[in-house]
Every structure is written in C-alpha cells, then in structure tokens.
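I have a structure here, written as structure tokens, and I will follow up with some questions on it.
A, B, C and D are the chain letters, set down in written order, and residue numbers restart from 1 in every chain.
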Amino acid sequence: MTIHKIVSHLDTTRSAREELYKVFHRMPELSLQEFRTAEKIREELERIGVNEVNQVGRTGLTAVLRNGDGPVVAMRADIDGLPMAELSGKEYSAEGVTQVDENTGVETPVAHSCGHDVHIISLLGALEALNATRDSWSGTFVGVFQPAEETAAGARDMVDNGIATKMPIPDVYLGQHVLGVIPGGSVGTRRGALFSQAASIRITIYGKGSHGAMPNLGVDPTVLGAAIITRLQTIVSREIAPKEIAVVTVGSFHSGTKSNIIPDSATMLLNTRAYNAEVSASLHEAIERIVRAECEAARSPQEPDFEYFDVYPLTLNDDDVTDTVAAAFDGYFGDDSVEMDLVPASEDFSVIPDALGVPYTFWGLGGFADHTSAPGNHSPFFAPDIQPTLDRGAEAIIVAASPWLMKEN
Amino acid sequence: MTIHKIVSHLDTTRSAREELYKVFHRMPELSLQEFRTAEKIREELERIGVNEVNQVGRTGLTAVLRNGDGPVVAMRADIDGLPMAELSGKEYSAEGVTQVDENTGVETPVAHSCGHDVHIISLLGALEALNATRDSWSGTFVGVFQPAEETAAGARDMVDNGIATKMPIPDVYLGQHVLGVIPGGSVGTRRGALFSQAASIRITIYGKGSHGAMPNLGVDPTVLGAAIITRLQTIVSREIAPKEIAVVTVGSFHSGTKSNIIPDSATMLLNTRAYNAEVSASLHEAIERIVRAECEAARSPQEPDFEYFDVYPLTLNDDDVTDTVAAAFDGYFGDDSVEMDLVPASEDFSVIPDALGVPYTFWGLGGFADHTSAPGNHSPFFAPDIQPTLDRGAEAIIVAASPWLMKEN
Amino acid sequence: MTIHKIVSHLDTTRSAREELYKVFHRMPELSLQEFRTAEKIREELERIGVNEVNQVGRTGLTAVLRNGDGPVVAMRADIDGLPMAELSGKEYSAEGVTQVDENTGVETPVAHSCGHDVHIISLLGALEALNATRDSWSGTFVGVFQPAEETAAGARDMVDNGIATKMPIPDVYLGQHVLGVIPGGSVGTRRGALFSQAASIRITIYGKGSHGAMPNLGVDPTVLGAAIITRLQTIVSREIAPKEIAVVTVGSFHSGTKSNIIPDSATMLLNTRAYNAEVSASLHEAIERIVRAECEAARSPQEPDFEYFDVYPLTLNDDDVTDTVAAAFDGYFGDDSVEMDLVPASEDFSVIPDALGVPYTFWGLGGFADHTSAPGNHSPFFAPDIQPTLDRGAEAIIVAASPWLMKEN
Amino acid sequence: MTIHKIVSHLDTTRSAREELYKVFHRMPELSLQEFRTAEKIREELERIGVNEVNQVGRTGLTAVLRNGDGPVVAMRADIDGLPMAELSGKEYSAEGVTQVDENTGVETPVAHSCGHDVHIISLLGALEALNATRDSWSGTFVGVFQPAEETAAGARDMVDNGIATKMPIPDVYLGQHVLGVIPGGSVGTRRGALFSQAASIRITIYGKGSHGAMPNLGVDPTVLGAAIITRLQTIVSREIAPKEIAVVTVGSFHSGTKSNIIPDSATMLLNTRAYNAEVSASLHEAIERIVRAECEAARSPQEPDFEYFDVYPLTLNDDDVTDTVAAAFDGYFGDDSVEMDLVPASEDFSVIPDALGVPYTFWGLGGFADHTSAPGNHSPFFAPDIQPTLDRGAEAIIVAASPWLMKEN
C-alpha cells in the first residue's frame, strides 16, 4: 500500500529527528516569544524542501505542500514552552534555560513541559516524508506551526493576522497532543467533546474601608467575598443538570492586609470548565448573577468588575472526521488505536478551524511506556520517551491524513 | 404631707383589693375578648364612685377623675390574659379556665401569666384612694384600662376608636409592669429606652418545584432560604454599630415535606429587636435588601412577600418625666426606688401617648420576694406575691402622679 | 423460527389481555397491601395452567414453568399502585378508587400511575404463550410478581421471606418498565448503570430553646440548619469528581413555629442519587461528616440523628446479559431496539438478583406513541397506550428469554 | 489653694514646653526603638532637677520625685511614634523623617500621629511644676515614660524588665490620651471600661492542592475559608448577649494565586474587640471552635494554626479612683470636665498597674478646638492644637494627682 511507502520514509530520518528533538527541547520559549523556535522551524522546512512557508502574526508559520488535485488537509503543531524549570534530569534537559518575559521584564525559567517539541518534530517528520514521496499521494498538505497555546492567545493571533490568506482553506483540520493518559505509543481518538471549554475570570468586588472595630461604618468585602464563594457552590450543585460535567473553581481570593482594617475591595480569580457550550454559558450567567446579587445584598457601593481571560473554547471533534481518522488508525495501528476519555484540560486548537468553518479532529498520542506513572503535562518532570513517541507522532499524521490524500490505486 | 394621706387610704381597702385580685386572676380573658374583665372593672369604678367612665373600642375603658385645676395625669393598666394554662398551684389559680378564641373557634386555656391583673387592681386601688381624698390633691387623674397588650393590638385599637375624645388630653402618661427582674416591692425607673422595639415578619420566598433528582429543572427554595438565614447574620455582625443592641432572629423556617421533592416556596418567621428607632429601621431595610438580593441570586421566579405583624414600638421614656417620677420614688420609697436595666421585652404602651403627643414614663414593679428565682413573665408558673405587690403597685401610681397633682402646701 | 411460534400465540390472547389490563388498572392497591391483585394474578395463573405458584411474603408470588433441561430464566413484574388520584380521563380510569392505608388508617386514593399493571399483563401474557408452546423451548421460566416497588420494600420482603426456596435459582434475572422517555413500542437496553442508587435521610439536629430576644441563652438550630444546607452544596461542587453524577437534595427543612422563639431542634429530609456505589458511599460519608462538624461549630448540645429510609440500590445491568438481550432485541425488533440513557429514577429490582447472586438486566418499554409529550411516571395523567404496549411488553419478555430457552434447531 | 500654686508654675514654662513639643514632634521613633526620645527625656529630667531616673528595658524610664510622707502616684506617658508619613502641613511637621525598622531592615517614614509627644511634654511639664513647688504637696510622684504602646509591647517590656523594682509601688496609676472625640481643652473621665480589649489572630487553614478542574482530588481551602468567615458572623449575631459590645473582624483573607490551581492552604487575619473579659474569652473560644469544626467539615488534612498577636488588655477604670479624679476635675475644670463614652480603640496602659496590683484610671484630653472635624488618631493629618492642649495636659496630671498629694491645709 502507498501509505506504507510514505511512512517507511521515516526510517531514513529517525536519528536526525531524534537529534533535532533534543535541539528544540533545549530551546523552549515563552508564548508569543517563540522567535528562535520559528526561525529553526523555517530552516528545517527549507532543508526539507518545503518552499511555500508563510509567517502568520509574530511567530506563527504555515508550510504548504501542494501536490496535485485532491483535498486539502491541515495539521497543527503548537510550538511554545512554559515559564517553569525542568526537573526531568534528562541529559537533553532544558534545566537552567531562561528567557526574559516581555510583559514583565523578568527573566524566568522556561521548559517544554507540555511536549510541544514532540508536536513540532512529528509535523516536520511528516512534512519531510510527504515531500519525499509525492508520487504516493495527491492533494495539498499544510503544516500549521501555532504559537502561544499555553496562553490561549496563539490560534487567535494567527486568525487575527490573516491565516485564511496564508494557506489554502483546508477540507479538514487535524491536531494531536502527547499525553500520559493513554498507553505509550498508542493513538487515542474521541467523537464529540475531548477537551473542555475553560475560562478564567478576575472579579473585583467593592466594599467600603473602615477600622475593624467599626464595621458599621464600612462595607466588608471579605464577608461579601465569602458569601459569594459559598453561594457559587450552588451553581454546580443545583443549577447544572447532574449528568453534565461542570466545574467552578475559585482558585484565589485576596482581601485586605491587616487584621483590624476592613479594606475597600477584594479580588477573586475563578476558573470554569464545561464540555458543552450551553453549560459553559450557564456557568458564566450564574456567576455574574450571583456576584451582582450578593453585592446588592451587601450594599456594595460599586458594581463588581468581571474580566475574562485565558478563555479556551471547547474542543468538539467532528463525528465524521473522527470516524474517518479512527478507522484509518484502527487499520494501521490495530490495538494501538484506542478510544479516549474526556480530558480535564483545555486547548485553543479549535479556534482556527472554527474561524475557517472547517471540521476537525484532535487525537492523543501516548508518550510514556509506563503510562500509569507518567507525570502530568505541566509537571517539571514531564519528558516523554523519545521513541516510539517521535515515530508514532509522525506516522499518526500521515495515517490520519491518508483517507483524504491517498491515491486510489 | 398630703401624699401620705392619700396613700394611707389604701390601708382601708387592702383586704378588699386582695380579694378582688383573686377574682380577676380567676377570670383571665384573651386579647380583645376581655368582655367580663371590662364589665367587672366598670362595676368596681361605679362602686368606687368614679362616674365618668367611657368605653373605647371593644373592651377599653377610660375612667376620669376631675378634681379642680391642675395638670392631667393618665395612668394605664393593661387587662388581657394569655392563651396558656396556669401551673402556679396557687389556691386562686386559673387552672382549668378556658375561653373560645374568636379567630379560630378553638377553646383554649387562659391565664394571667403576665400579671395584668396586678395592674388592674393597682389602678383601681389608686383611683379609689384618690377619689376618697380629693381635698389632698388638685387636677385630673385618668385611669386607662387598655385591652390586648399581648397582641400589640389594644393600644392601637383605643387610638383608632378615638381615645383622644374619650378623656382629657393628659400632660403626662404613666404605666407600670410587675416583673421579676428587680427586688420584690421595689419600683424601677429608667431614662430613655426601657422596652425594645419588636416586630415579626412572615417572609415567603419562591422557588420552582422539581423532582429532587433534577434540581436543575427547578429553583430550590430550601437552599435559597438557607442562604438568606446565613446572610441575615451579617446585619448584626457587620451593619449595626457594635454599641447598639439589635437582634434578628429567624424563629421558624419551613420548606417542603418530602425528601425527594423540591418545593415551590418556603416560609420563614423573623423577629427583630432594637432600642433605637434608627436601628430598628436599619434592621428592616437590611432584611428586605438581603432577602430580595438572595432571591435574585437564586433566579427566584417571583418577588418575596413580607408581612409584618406583632409590631411593637420602642418604649422610650421621657427624660424629664422620668427624672420627676424617679425623684418622687426616691423620696417616698428610699432604697426601694431602683434603676432598671434595659428589658429584653416589648410593650405597646407608647402607642397611646405617642398618638396623643404626650411625654411618658413606664416603670417596673418588683413582684417576687426572691426575685433571683422568679419565673419569667409568660411562664406558666408566673404568680407574683400578693403583698407587698398590690400595695406597692397602687402606692407607686399615687407617688408617681404626685409631682403633678399634689397641692403646694 | 421457534421464537415466532411462541410470540404468535399472543395473537390468540390479545383481546383477553386488553380486557384484563383494564381490570387490573381499575383495582390499584397500596404497597404491601396488594391482596386482591395477588389473588387475581393467582386466578389467572390457574386459568393459564401454571400450577407451581408460591406465595412469598404477604403479597409476592413466584410462578414456575418447568419445561425440561436448560437454563432457568426469571422475569420480574412489580404489582403495586400509588397513593394518588388518577386524572387520565380514560374510560377504564381508576378515578375514585380508594384504599385504607394500614399504617395510618387513612383512606387514600390509589392509582396505577407508574404502569405496574402493564408489567403484570405482559408477564401473564408471556407465561401463557410459553406454557402453550412448550415444544418450542426448553428450560425453566419463572415469573416473579413482586409487591411494593414504590416503597423500596417489596423485593426486600420477598428476599426476607425466602424467595430463594420458592423458585429454582435462575441463571439470569430480567425486568422491564414502561416509560415515556423512549419511542412508543420500542425496547431500550443499557449496559451498566441504568437507574440510580437513591436514599432518603431524616436528620434531626439539636439546639437549645430560648426567647428570640436572647439568642445567647440558646443554641439556634435554624441558623445551624442553614449552615448545614449551605455547606452540603460543597459535596457535589467540590468532593465528587465532576464526571460523576451525584445529587444531594434537601427536600424539606422544618424549624420552629413562632417568630420569637428559638426552638430546641430542627429536622431536615435529604435525598441522594448516584450511579456508582462508591459515589453513593462518599455522599453519605460527607453528609454525616458535615452535619456532625456543623453541630460542633454551633456547640450543639446533642449529637445529630440520622435515619435512612427509602433506600434504593443501584440498578447496574450485567454487561454480558445485556449484550445478549440487546442482540436478541436487535434481531427481533430491528429499529425498535434502542439504547437507553441513564434514567433519573430508582428501582428495588436489583435486590432479589443481588441476594441470589444472579446477573441481571432491566430494559425500558416505550409506552406512548408521542413520547415527546408523554406524562412522567407518577403523574396523575400517566396512562400508556394499551397497544402496541401490551403486545410489545409480552413479546419483549419472550425475546429476551429466548437466548437461554430456545431450542437449538 | 495649693493646687493653684503648682498649676500656675506652668505659666513660667509655657514657651519652653511649646518649643520642646516641636522638638519631640520632629523626632518620632518606632516602637522599642525610641532611643533618641528616651535620651532627650532624660536630658530634660536632669535639667528640671529630677534625679532619680531609671531605665526600664530598652527605652523605658521611670522618674521618681520623692517629697515626704504620703501616697505614691504614678503617671504614665507613652513615647513612641508610628510608621507612617505625616501630612499635617504644620511648620513643625515630621514630614520626611524616616527610621530604619530593626525587624525588617527597611527605612520607613515615622510620625507622632497618635500624639504621644503631647503626653511626654505634659508629663515633663507636670514633673517640673511639682518639683518646683515641693512645699505645696507631700508624697511621691512617679513619671513613667513607656515605650511601644503602638505594638502592645512596651508596657509588657517594662514589666518584664522589672519596673516593680525601678519605682516605689504606687497607690494609684494614672494615664491620659489626647483625642478628638471630646471638645478641645476638656478632660474626659469614665468609670469602668474605657478602651476595648483587642486581639489579632493569624489563622492558617489547610487544604490539599489540586488542579482547579479536579476539585475532588484536593481539599479546597478557599471554599473552607469562605465557610469559616461566613460562620464567624454567628458569634456576634447569636452567641454574645445583644447588650454586650463585641466585634469579630476578618480583616484579611489570602488564598491561592491562580484561577485554576486549588492551593494547599489559606491564611486569614482576625481582630476581636470587647469591653468585658468574659466576652473576650467567649469570642476566642468560639472562633477556635468554629474554625476547627469547619476544617473537619471540609476533611482538612491538618489542624489549623492559631497565632495571637497585638493582644491588648481591657482598660477598665477603677470606680473609686475614677470618681476621685472626676471630682477633682469637676472642681478645677468645671464644664471642661466631661464624661467619656466607650472608645473603640485599645491601649496597653493597664498592663503595668495590673502587674503591680494597683488601681488605675485613664482619661481623655481634648486636643482640637473644632473636635467635630478632628482627624482620627493614626490619621496622617493628626496634629493637635498646641494650646490649650499642652497646658491642659500638664494641668490635668497635677489636678488628677492632687487628691492623693495635696497637703490638708
């Protein structure tokens, strides 16, 4: 079969890909500051012979491989690291690597603790194999190197900077993530919701300062905040259908600095999760309703402020596309093609296909031989096995794209 | 001194007053149903020779004793009993006495467990003594026999039925209550607030019924009520100045009847207390604000209902009148004239003088030799010592009135 | 095929079954008082020719049909009605039917508003067909007529009264329920959890009575109860995994009777739901922990009381048995064999197979042509379409049993 | 009268006292770092001719004036400034003055924003006048210059460093504070409680960290803290007698730093106030009870920590001493001798007399001509009128001491 011819090209690039992985692993960069990463990807694309490369926004790239008639398949790899110190102990660890955060001017440790470097190498490997075996397939394959997934800003940035004009509009949009929740070397598909919607909200509530001995002269925002946090629990317990998954977490509440001074205001940071857009909307409606009403109950002198940030859309895999990819995976990987559960995490992956009006699916890539003890993504100890992960990551892309790109012969 | 002449007349009526006390004690009647009581008082007034007696409303009476030029002093005695069974064990106990409640048609036990019969006898005794010693004083003395103190309805009833036209407008309005909180035989005065403002509120809150397994299809009034009750605690703890006395009690909350049915509504009964009209107003404003806001927080489908009942005004003794009476008590009773603390109870006494625009004072009458173990008012065991209570109650009236009525000689 | 021969026997009993259905519909009886119902079932069994009939407990019956070698299949029908008035308007309505509740002595309306009469007729029809076509199958079929499903007491009563000795131990235990949540005439299967665990808890919490104006002399159980209800919301919102279905409803809270009296105690009625035994245990642990701790916080003078009632087990269909039955349904009913969602209701069905150590499955039977507007079970308007419901109910039993009983030929 | 002779000596020192006041005002020092202040006081005492001066602890001084037989009267002046910038705009303002805080190493602005410099000058003026008029009185007068009132540490420091051996044990201990709550130039006395007890508590509560999307894997200390803050409101609303003054303020609550991370612990700062030692003890018992119980309710993995700090005792003026001083004030100051209300602030004044077993009284000194618009103590704008405040402060000391020290002649 022609698919095997493409995949087998990966044998010729294996050691180069492994070395390149270590290079990227040692140069993690912060979200929207992935300048060296983008530059290195561009160099590699040139070396491979992919010539239609477009910059999209600050650090995004599209790499287009046109190969005759046929559907257009786009595959996304996110490229940013995290502001944390790696503790994996690997010889290729990024321990000690730092970068100055442009927003704060502070030098911070950086690490690829979410495995986006695996995604880069997998996509480059697939591009190289597809380019080298153009006679085995037909259509167009686009690699999308997306910045700033970690801050939910990168996909939006590529949309806002005209990604629609920097690549042919695809027929299908694909993505993958290396994870510890499925067996090492396996690929995991799921129809419908995969990653949750998520949003963070910074809420400022207003009281009126007073000496602690004269609470009646003030409006106590600490007691108000406690009432709000307590009342927010009823959203999940009473307002959302028991069968729906919904989470409202108040991760932080800060009020006052002294025992005997009632402060003027207090701030809380909330995070919501849902796997259903209506539920998500209900959570936000309920949060705002409750906060406003509790402020009224407390005779708060000023309307509360709501600032949404880190807003992640739902990742809602298209049933047909997912079935197509799952069938291809089943055929090629056999028992290594598994079904995923809902993942209690979020992605900005869907922003681009939703903006383009394109169906999508996103799958998981098992990165740890002993996945039962695998560190979670964002752990300082996160460091997937290099193999079979890198091979499987590239293979999965080729196999997933094959239903659209393979010649009928 | 002339005052002693009047007072000494009580010696001649002592045993008659004691017998009459037992008669009244054995015929307690419910609020606004004091028909036999009023009839008996009217008989006694006739016997005494007080001829200007007016009915005011259903069961109220004014008895006017005109005696030449001079100020007008009014003295109030409340006359109703309580719907409870007496357990005092006295030989003159009203044990077994019942009356049919007009409002419910139910026969209920009745008892003078708040000592209003002492007030009746004291006022009758004072009237008799004053009438018999008209040469010793000058002016007008009015006895006001007021119904329904226990339901906060009687003073209002007399005002609504034209008490202002059934007696000369007094220069001063006086009242007393037999109590266990001061030594037996003593009289206790207090400037300013004596009895608290009190009000009861029936609040109905609305949810939306649902099966208990599907809370999202309803609005849970039980959780809403719990939020309200919890939040009401902040009124006293945060909104009212720490130095003010204020109480908000939710005495009753009723919601639902089955474990697995979320009901449509719930009801709570509140009681408020304060010794300051502004504080009282603040309590009610805060209660309504909090209840309304919590209903909004819960997306309640209907505005809550607030029904005020048993609304008692503040008893706020006039400083000058109180000083005058206290000085008279000090002069006559010596160490038996004491200062009262705030009393955690309420009275409708002030309704009439407030309606008439007349300054007032209200004093306490110690009714138990061993006041440290005295049963509280409204206890089934409440039964004051007959003496010196009956004498002292009549004397106190004469002495309190004396600064206005005594001839300067 | 032999199965069709058995099923086609139903054509000969159709009008008799429809008439019999109306008879049962008009004689609903309260739980554990189904004396006439059991008597009528016994009569019918005699008429059909099922001779091995055993009484189990007060009103339970087992009807055993032995037919040579082979597996033993038991099928359960519950037989009790509900204490409510029917408002269906059907000509065969039980409107006006009443029964005296043995526990209270009160005469109460009764109705088959949960469709147990459908279950009876379906099982009798299947028994008659199986008995009439003994040459078409082999093995043993047992009809279990179970009382008191509505009070969660009947299956337990049959176990306690030795059902294990009143029938051969089956290889598989089956059950069905007429419902409006699937299309009329369809049968719905589901692997794993189908009906939720459910339990009710009566909790009494203790305070210390006091006058409402002196809260410091008491311990306020109303405020304590509000704290408990509020805090219980955190079980679902914080303690249970977001992907689990769990409900804690406080359906009722009763505290006090007067606005100004702080009562001695308060009572609340809780209901819990879960589809997982561990979750259910966690709910109950958390409820008791929170109630006890809140009582300590309030300096409650007495430990709270917990009384569990209406405890329903989880209905957790056996995967293999369900697959077997679903395959038989798919083969026989085609598109009318559907997959069920979780049902937000509870059953005591599993008590008997769990006691016997036998795998089971329970399926749904669509009872309304227009199921989108079907009244819910326990609605006064609940009245399934007579046909195809009665036919389908009997067919489903025969088809479900067929994998065990059909002769291989 | 001899008292006038002593007081009139103040006329001779007026301008010197005013200049000296400005010197002290410009050299405010932090608590327990009042080295230059103590040195300057010692210089002045030498100049005046008070030779028996003892250092007590780091920066405390006792100045003993022995003058024959008779009672011993001690008068306290506190001497420390506050870590804040003065904004009074006075020409003698300490604007710009800073001191390095020994505890933190941080340079901080310092100001006499609580008027302790007035106390120093008043006491020095009284000492000078008494020393210069020894023939007019008899007994012993002790000036106690106490450090660190602002941190509740100075009086304790003097006790711990043997003040009992550094001065004759007094018969009475006196103190005063310049304030804006009474008319300028007046002196205000009060029997019984004057300043409240106060204490601060740092409470750390423990949860278990978790990702915000998986609350069930953690124990949420933010929700726990909200439950505690909410429940603490019931102490004042339900547990403390309505007539008692009690305040429980949670001035600060800090939990977490990110919206989607549930933290391991949270911290709150409480402040309590009461005017009665039993109430104060009840507040602390209730706080600890509620916090511990709520931690249990939340299955907190670790006992909460309670750290008390800034613990101020009650200032409970001795009735007899206060009556004596008030009578002396009435006699000397006439209408400028007023009665004080409870002051919603705290003092460590009583620590020394309580340690010595000596009765005390503390009075207020009006420092602002227009006291209705006077800035509060600790305001950056606090700057009393120099006169008549300095004169009145010295006079008040002499007059208050006179009942014990004046010769009978």
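As a convention for this text, a contact is a pair of C-beta atoms (placed from the backbone, for glycine too) under 8 Å apart; a residue touches a chain by one contact, two chains touch by 3 or more.
Since we're looking at a predicted model, the values are computed, not measured.
Should one ask which of A-C and A-B has more C-beta pairs in contact, the pair is A-B.
Each chain gets a centre from the mean of its Cα atoms; the one farthest from the centre of chain A is B. In this assembly, the C-alpha centroid of chain B lies 58 Å from the C-alpha centroid of chain C.
One inter-chain figure worth recording: chain A and chain B are separated by 72 Å, centre to centre, where each centre is the mean of the chain's CA atoms.
Averaged C-alpha coordinates put the centre of chain A at 45 Å from the centre of chain C. Listed for chain A are residues 213-215, 220, 223, 227, 230, 233-234, 237-238, 242, 247, 273, 344, each touching two or more other chains.
Chain D makes touch with chain C in their complex at residues 213-216, 220, 223, 227, 230-231, 234, 237-242, 289-290, 292-294, 296-299.
Those residues of chain C that touch chain B in the shared complex are 196, 198, 200-202, 211-215, 220, 222-223, 225-230, 233, 247, 249-263, 266, 269-271, 273, 310, 344-345.
Of all residues in chain B, those touching chain D in their complex are 230, 232-238, 242-243, 245-248, 273, 342, 344.
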